[in-house]
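What follows is a set of notes on a single structure, which appears directly below.
Letters A, B and C name the chains as they come in the text, with residue numbers starting at 1 for each one.
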Amino acid sequence: MLFKILYKDDFRTLIETAMKSVEVVAPKKVGSNARGKPIHHYLPVTSFEEIDLSYETTEYSAKTYFIPYLENLANYRFGDEDWEKEIQYRFEPRMILGLHACDISGLLRLDKVLIHDKFPSPYYIARRKNTLIVGIDHEPCEGGFCHALGTNVVSHGFDLFLTDLGDRYFTAIDSDRGYILLNKVLTHDVKEKDTKDYLDARRRISDAYTTHVNVHNLPNLLDIEFESDVWKKWGAKCLSCGSCAQVCPTCYCYGVSERVSMDWASGAKVKQLYSCNLVDFAQVAGGHNFRPEATTRLKYRYYHQHRGFVEIYDEPKCVGCNRCGRTCLAGINPPDIIGELQAEVRK
Amino acid sequence: MSIEFQPYDIIKDTDMTQPIDFNQRNKLKSVDRAFKAEITNIIRLTDMEKLFQIRIVDDAERQRFTFLPGQFVMLQVPGYGEVPISISSSPSAKGHIELCIRKAGVVTNVLHNARRGAKVGIRGPFGTHFPMVQMHGSDVLLIAGGLGLAPLRAPMFYVIENRVSFKDVHILYGTRQPDQLLFRYQYEEWSLIDDINLQIIVERPDATWAGRVGLITKLLDNITIHPEKTYAIVCGPPVMFKFVCGRLNQMGLPMHRMFVSLERRMHCGMGKCCRCNIGSTYTCIDGPVFDYWSVMNLKEAI
Amino acid sequence: MKYLGIAPARPKIGVFDFTGCEGCELQLANKEETLGPFLDAIDIVNFREVTTAQGDDYDIALIDGCISRGDEIERLKKIRQNAKVLVAVGSCASFGGVNRMKNVLDLAEANTEVYGKEFKETLYTRSIKEAVKVDLEIPGCPVSKAEVERIVQHLVWNVAFQFPNYPVCLECKQRFSTCRMEMGELCLGSITRGGCNAPCPAGGLGCWGCRGPAPAPNYKEFLALAERKGMDMQLLAERLNFFGGFEGVLK
């Protein structure tokens, strides 16, 4: 990895210049919640003042810039007893600024499924390759347990990654285009003092986590605790609303439906992100539902996150951002569920 | 100072410009392109099922289309949707494929009303297949219940066309009622083939039925199995697997020598939408064909 | 247009109004960009807001509004006899709607309160299904024209139609709204059927439940969490009763 020192004034110049030629998406404060905590979203910005890099977390993950909630997979034109199918992929470049390590880890998870596995997704690849990612280090967020899953630090999956050292950023460069971008402004070689400050900053962050989740042996534990009362307890609370999967940076499941215009001139094949917690997720033609109970569906969700995904990709799907835990009205959250499953074993 | 970003145009990617072949699972990127196909013929099998003979329109695409027995395609009717359908024809017929379709939902209903000449889309083939080559030199039990004869027909064609490569061949087929029997016009042909034991049974006979009566497992009564040189392919409703495979197991056939085909709701066929997941197993990628040992180890599989 | 060799049906449709604001009928006559093709696909034989025709020969009857007078019941029964398919359109037709609020009051008192000296004979409010057999309900206040179009397509061409099997939350999230409950406001989104595309939370208003219950609503947890979050339980009760879709949820 190549590292450079970038002073904040130069960083600002860099971003303001980028804004002139490419859409820049960055964390932006959109309001405050009932407890007075600020709420941030990743949104397109047109001035540097709109950007708030000191944000704690965002309500929504950045995944929707890569797998939108709604996407036309194909358009149809009908006529003369026949049809033509047209497919378009995203082409316009975009920069996403200020992603935290967990969200970049999330993209690396999605890369495994949507780029490196069977049947790579052209829709995703087109968006991913046209997106420049500038990540940033941050103080631990409330409820986040990324450190337990090793997703609090990233060494790839981005173009540039910044660590705040007060007046300057310690900048990791992971791509040729990141390097070219950085060279547009003045940068400095890393000195001994910079390295020391960087390591101090990392250590301070690492020591600041307050949420502790024990993920030891979790895949096997989930199998052993398949019939655990923990699922009944939390399943009874589940509203089957699918909010958890919508804010999750790595949930990618979907449903497909067809649309036609009233005059049958045109139509579309539309993809909508879905959730395994929704009532009819595992319902088959003919009406049989393989998971009719909220409890079974919630359990399935945790299975896919922490066991099924591990079997295929050697790491959990979950990156520990706890957005699902924050968004759940019923208060269902991974630290509590995993904690209770671990406690169950020790009983 | 200005910043230029060179956009990446995926349609110029070499993997995107290759002729589309769904057997190239690891690099195929034109995943949502479909082969346009024409319904050339429609055969009424029962009140509920029709056999659709379909031909991929483009000559080169039709020649290139190959599949293995047990695989399925996503059949697309623009405006209506897409459904997974097992291929019911001989693998040697390439892009002339036959799909046996039961009227069950929106897409299959409109297909039942469609006329020959209608244009549909085909994506695939997808999924795993019955290991026919591995079965060479063995006895084969081909067992179907109800609509299960549709997916069973592809391995049946394979066995018939390669009769010399197999030892004893049994085709056992059962339905609830006589009027639900599929492909009745082909029974004579199958039974006339040298040394194929075709047996048919129904649960609830009507006045005209002169054949055997009972559950499909009854047909196994007068068959002797040589466990070390026998394979079984079982297609039908999940409830049938428990009885038939359980019985075969009692008769000494190891579970890894029995193959079944599972069905789930699918939206993509490519291991992406997660709708057909059973635990961490994707029915569309790791299945639909599984050996029975794997099925027994899947939670909530049948 | 013929497609797949099939000539589509062109069903005769009648639209009829009962007690309500007629907003749902306005919705049907709305959305100009598709109104032409919409009217081409069907044969409107009776629809006060669109045509002077008043035919009795229709396949599909769309019913707007609820029942609040005796003569309405007689009229509705005749429509039921004429129609092959009867569709209740909007929250009033589906649940009784806002009018249903009077059902907890003394009828005479309510009438006097509303009409004063010009007293009119009315009944306790009924939904359409409480008066005749209903084949399909499209709840919503007002009804969504997109959903009606989809249902007409379903009836004409047999294309897929299914009410979303999820609560409002899903679509609310999918348009990046901030949860109203997170903002400390009451919202019925998590127990209300989706498909409306969550316009109210997006506009800063918690869901009022006009589409009625989501499939398998978890009332127990919803009431518990509303209390935990310090919601005004009196307000919650009023809101659950507002459109009539959640009758009986609070015992």
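Everything that follows uses one rule, which is that a contact is a pair of C-beta atoms (placed from the backbone, for glycine too) under 8 Å apart; a residue touches a chain by one contact, two chains touch by 3 or more.
Note that the coordinates shown come from a computational prediction; the quantities given were computed from them, not determined experimentally.
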Study note, to complete from the structure: Larger contact count among A-B and A-C belongs to A-B
Study note, to complete from the structure: Judged by C-alpha centres, the chain sitting nearest the middle of the protein is A
Revision key, fill the gap. In terms of mean CA position, the chain most removed from subunit B is C
Point to revise | Whole-Å gap between the CA centroids of subunit B and subunit C | key: 43
Point to revise | Distance between chain centroids, defined by C-alpha means - subunit A, subunit C (Å) | key: 37
Review point. What positions in subunit A touch 2 or more of the other chains?
Key: 78, 81, 257-258, 260, 264
Check your understanding: Hey, what residues on subunit C touch two or more of the other chains?
Key -> 3-5, 157, 159-160
Study note, to complete from the structure: Multi-chain touching residues of subunit B, meaning two or more other chains, are 79-81, 105, 117-119
Check your understanding: Residues of subunit C touching subunit A in their complex?
Key -> 1-5, 34, 36-38, 40-41, 149, 152-153, 157, 159-160, 165-167, 169-170, 173-176, 178-179, 181-184, 189-191, 214-216, 218, 220-222, 225
Study note, to complete from the structure: subunit A residues touching subunit B in their complex are 13, 17-18, 20-22, 73-74, 76, 78, 81-83, 85, 87, 89, 91-93, 113-114, 117-122, 125-126, 129-130, 132, 177, 181, 184-185, 226, 252-258, 260, 264, 267, 269, 274, 276, 281-286, 290-291, 303-304, 307-309, 311-312
Practice item. Spell out the residues on subunit C that touch subunit B in their complex, using ranges where they run on. Key: 3-6, 157-160
Study note, to complete from the structure: Contacts from subunit B onto subunit C in the complex sit at residues 77, 79-81, 105-107, 109-111, 113-119
Review point. Residues of subunit A touching subunit C in their complex?
Key: 30-31, 33-34, 39, 41, 59-60, 64, 69-70, 78, 81, 236-243, 246-247, 257-258, 260-264, 272-273, 275, 278-280, 294, 327, 329-331
